[in-house]
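By letter and in written order, the chains are A, B, C and D; residue numbering begins at 1 in each of them.
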Amino acid sequence: RADLAAYCLMLGDDALVLAQRLAEWCSRAPELEEDVTLANIALDLLGQARPLLARAAQADPGAVPALPPGSPAPPEDALAFFRDEPGFRNVRLVETANGDFARSTVRLLLFAVWRLALLERLRDSRDPVLAAVAAKGVKEVAYHRDHAARWTVVLARGTEESARRVRAALEAVWPYHDELFQSHPVERRVAAAGVGPAPEDLRAPCAAVLGEVWAAAGLAPPEVPGLARVGGRAGRDGVHTEELGRLLAEMQSVARAHPLGSW
Amino acid sequence: RADLAAYCLMLGDDALVLAQRLAEWCSRAPELEEDVTLANIALDLLGQARPLLARAAQADPGAVPALPPGSPAPPEDALAFFRDEPGFRNVRLVETANGDFARSTVRLLLFAVWRLALLERLRDSRDPVLAAVAAKGVKEVAYHRDHAARWTVVLARGTEESARRVRAALEAVWPYHDELFQSHPVERRVAAAGVGPAPEDLRAPCAAVLGEVWAAAGLAPPEVPGLARVGGRAGRDGVHTEELGRLLAEMQSVARAHPLGSW
Amino acid sequence: MTAPAAPAEAELNARFEAVVAAQERIEPRDWMPEGYRRTLIRQIAQHAHSEIIGMQPEGNWISRAPSLRRKAILLAKVQDEAGHGLYLYSAAETLGADRADLTRRLISGAQKYSSIFNYPTLSYADVGTIGWLVDGAAICNQVPLCRGSYGPYSRAMIRICKEESFHQRQGYELLMTMMRGTDAQRAMVQDSVNRFWWPSLMMFGPPDTDSPNTAQSMAWGIKRHTNDELRQRFVDMTVPQAEALGVTLPDPDLAWNPERGSYDFGEPDWAELRAVISGNGPCNAQRLAHRRRAHEDGAWVREAAAAFAARAAGEEAP
Amino acid sequence: MTAPAAPAEAELNARFEAVVAAQERIEPRDWMPEGYRRTLIRQIAQHAHSEIIGMQPEGNWISRAPSLRRKAILLAKVQDEAGHGLYLYSAAETLGADRADLTRRLISGAQKYSSIFNYPTLSYADVGTIGWLVDGAAICNQVPLCRGSYGPYSRAMIRICKEESFHQRQGYELLMTMMRGTDAQRAMVQDSVNRFWWPSLMMFGPPDTDSPNTAQSMAWGIKRHTNDELRQRFVDMTVPQAEALGVTLPDPDLAWNPERGSYDFGEPDWAELRAVISGNGPCNAQRLAHRRRAHEDGAWVREAAAAFAARAAGEEAP
């Protein structure tokens, strides 16, 4: 059950942190239509994060930070707003700064291709909550993927400037990609229990989908190894980038200033 | 005594918030020498803020936020890290975002000219702590002022680009200037008690100093009125800009995550 | 087939006025007086700009929303504002305006947006207060526009008002929840109401005695009530809500007047309103700079999309 | 007056080697072998770059320092690093290098800096750990350089080592204070030490068997001890400090060896070090991008200063 909780946190934190990043675009997108779409994607991911965090709390109440007596915060909020950085189990990819529109697009593409492959398999999870989140999420994330893929092609085949930017974006984001497929002991045990797929099994299908996008866009990812870990640890172990600390400081500021607050 | 505390918070918060902003330049300055100098100025201001906050706490213990029992945070830290935004009494000028080097320079110039005029008079304050802070601070802030004035002239008479930027900076920062001279009831009562000067009395001497800088630089401040207040209230009343909330969220994040922490 | 003779302008105008008088709708292809068209474009554009600029004060708190539920509600609301902006720009385009051109006018300061958005949001309670008071005032202003004479605009307003009412209830519900919370939360709500009460009253515009265009707009069926009428309606609606909430409205002159069957209230600080309208408000420069920067930062993306679309069109029709 | 005949290179070299052998100092105007000059420039530049890049990981926490006292200490420390960078670039300039050129080499990735700064700082405890372990390792590396053969560099190192020792004590004192605080603080310190222990050991470079340039550098008096000697010295010095602090060093093989009178310890993950050195570490791209951006954002200021200075010089001497 601790494994199930940890696994739900991994998938929930990926969605929560990327939703937080995407929401930063709000009122800053290149066009109004994109403001609407990016907010929609953020809302979808937030909608996936919430039941996953709640499920983590239910599976392992010990994973929920202790709040002062009388705090009305539900478990999903205790986990989102009162957990310290080393407790967050998202991959480093989702916490990286937005950068320009090309960078956010490529980041979303890499993430959504992986997450769609994951959710497709997770529909058959033995855990009913995970299966339900996946069943609902597949349609959403397929849209996210297609949206990011379309923009990747448009930017790559748009102007010289946009092509330059999307190549630089791919260069910058690509080192974070491999971490998605490096399986964590929790993921291996969860896979053995029939609750989730083995991360390595997603490598080939994701590469196939991305290959189509690169072909359509005329892009090639750089041939560099994944970003080094820190003493063997990375996002799934709670070892993040310097970006996450600032993101959480801002995200948690109001909730932590009012630990007994009702919202 | 509540007036003395409020007055110390005004002067202390001005210094604290501007120090926080200047420290953001650290490792980002246009040249290494400037990294060193901006850090020095921030350190000077931080050094002024600390006894002022401590004095505020001493004059009116009720002004200090209540911390959980057992917290080892001294009063200066309780005030800096556990006070909510409406309790901060700095002018809006000091909390405005750094912008480019021109903007930070002009902001520092306007602030330091005013603060030097203030500290020169405050040396004769009936309050011994204020008099001591002022006596030490006069030399420091004279240096800050001269440094900012020198750069203002260099930028205004440097290249076309730098002249354009320093004019834009003056345009952007100038509306925040007037607030320094709009006296708050607390300042009027403090002045009447011989503890501090009347803010309006600083207007003419500051204008004279700035006039010399504008003449040397070939600049003219825009002829616009000061930034409107919110229902008659502004920084000295705890009504700030949207910038301050984010600054405080970041500044206070670690301290608030560990209210019982020892540092 | 011969083209019908063009009817004389006087005849067209008579027909136009008859439609308006009958409270029927003018549609994009109908003849309309140039002044009507210009006035409408300006009003719709200003309204669209207000939705877009209005994303900023609330958007300021999305990253800091204190619960996941509130984060989702707030993000969806700000997204709705972008959507409202889109409908309204479309409505303006039916009158021959161009969205890119209207955006340029917004960014250059040539066209205005609602001054209320030049006030800062300083706590999470402001999210609730904007929903309750600002959206509430907007609805008072906008409900009559749903019966306005220009079809596309009045239809957009019907949809917008429906969503705004929903937002208003959400804002009020947030405040109600906070008022049932801690002392610090109650203080936040009261402080927020103190800051937003007067600016909300100013949203109805200057007093009727200072509002020279009202008569013509009412004649054209673009406007249906005077500023002061709407302001009074808003006060009468809001005072009982404030009582239910347990907050004090910051107006010592506020009192029930049994003879008028309405609340008497004090005079807003019109000098402050003039300062804000003339560009000198607490956030005018910030709001425009934010919009300008988003527009400029996005230019290369829009150019890429245009270039890609042009190439795709070229390949389709070789 | 006739110029003295230029002495033959062999004679110069003999004189140079005699000075080095006598542990005396080579000064800027003395003759020196080209290889010595090149090696020194590279080493000093790399050291200067490390000070400048090293401002970032600690600078990351200035805005969030949890007490005003700690904020002042940290800001002063990071400022000292900028100052060290300045001395060191000056020392390199006495060898004919140009600071702007060295900066370009840093930004383009042509010259390296210490790999330790490619690890992220993830909590305030990291500020203390960097002081204790990273500055501690740096001091072990640098104290011998105070007796190095090149005068300006060894004099700069004397000053730098003095300040680094001060920083190390401050770092240790922060950790000690945190260890006396709450459980959460103790966990932060332990986590921080877990992350920084191995990278600190790697600061001494690859094992001697993999360090081909050591012999020449030692002969020239640029280097005085091998990597492994210094690493052992650091471990022996640090283990008792860790015990006093109450943290566990994350090495199961760490044990006192009474025969050697030293601690045995495990093997660092040299593959990780190679990944970090080859540009693939957790923060390499971030650190260089930060430096590049500061440099580019500041270009117009440096140009303005140069233009102003040129004009002022012109006006003085018409």
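The criterion applied here is as follows: contacts are C-beta pairs under 8 Å (C-beta built on N, C-alpha and C of every residue); 3 or more make two chains touch, one makes a residue touch a chain.
By chain, UniProt protein names: C, D = 1,2-phenylacetyl-CoA epoxidase subunit A.
Computed from a predicted structure; not experimentally measured.
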item: Chain located farthest away, centre of chain B as origin (C-alpha); value: A
item: Inter-centroid spacing, chain D versus chain C (mean Cα positions, whole Å); value: 58
item: Centre distance in Å when chain B and chain C are each reduced to the mean of their C-alpha atoms; value: 37
item: Separation of mean Cα positions, chain B and chain A [Å, integer]; value: 40
item: Contacts with two or more other chains, residues of chain B listed in rising order; value: 84, 249-250, 253
item: Set of chain D residues in contact with two or more other chains; value: 64, 184
item: Chain contact graph, described as a line, ring, star, complete graph or other shape; value: other
item: Pairs of chains in contact (touch as defined earlier), listed by label; value: A-B, A-C, A-D, B-C, B-D
item: Chain D to chain B touching residues, read off their complex; value: 52, 55-56, 59, 61-72, 75-76, 78-79, 82-83, 85-86, 89, 124, 174, 177-178, 180-182, 184-185, 290, 293-294, 297-305, 307-308, 311
item: Chain C to chain B touching residues, read off their complex; value: 57, 60, 64, 119-123, 184, 191, 194-195, 198-199, 250, 269, 272, 275-276, 280-283, 285-286
item: Contacting residues of chain A [partner chain D, same complex]; value: 84-86, 172, 175, 224-225, 227-233, 239-242, 245, 249
item: Complex contact set, residues of chain B against chain A; value: 84, 246, 249-250, 252-253, 256-257
item: Partner chain C, residues of chain A touching it in the complex; value: 16, 20, 23-24, 26-36, 39-40, 42-43, 46-47, 49-50, 53, 72-74, 76-77, 80-81, 100-101, 153-155, 157-159, 161-162, 165, 250-251, 253-255, 258, 260-263
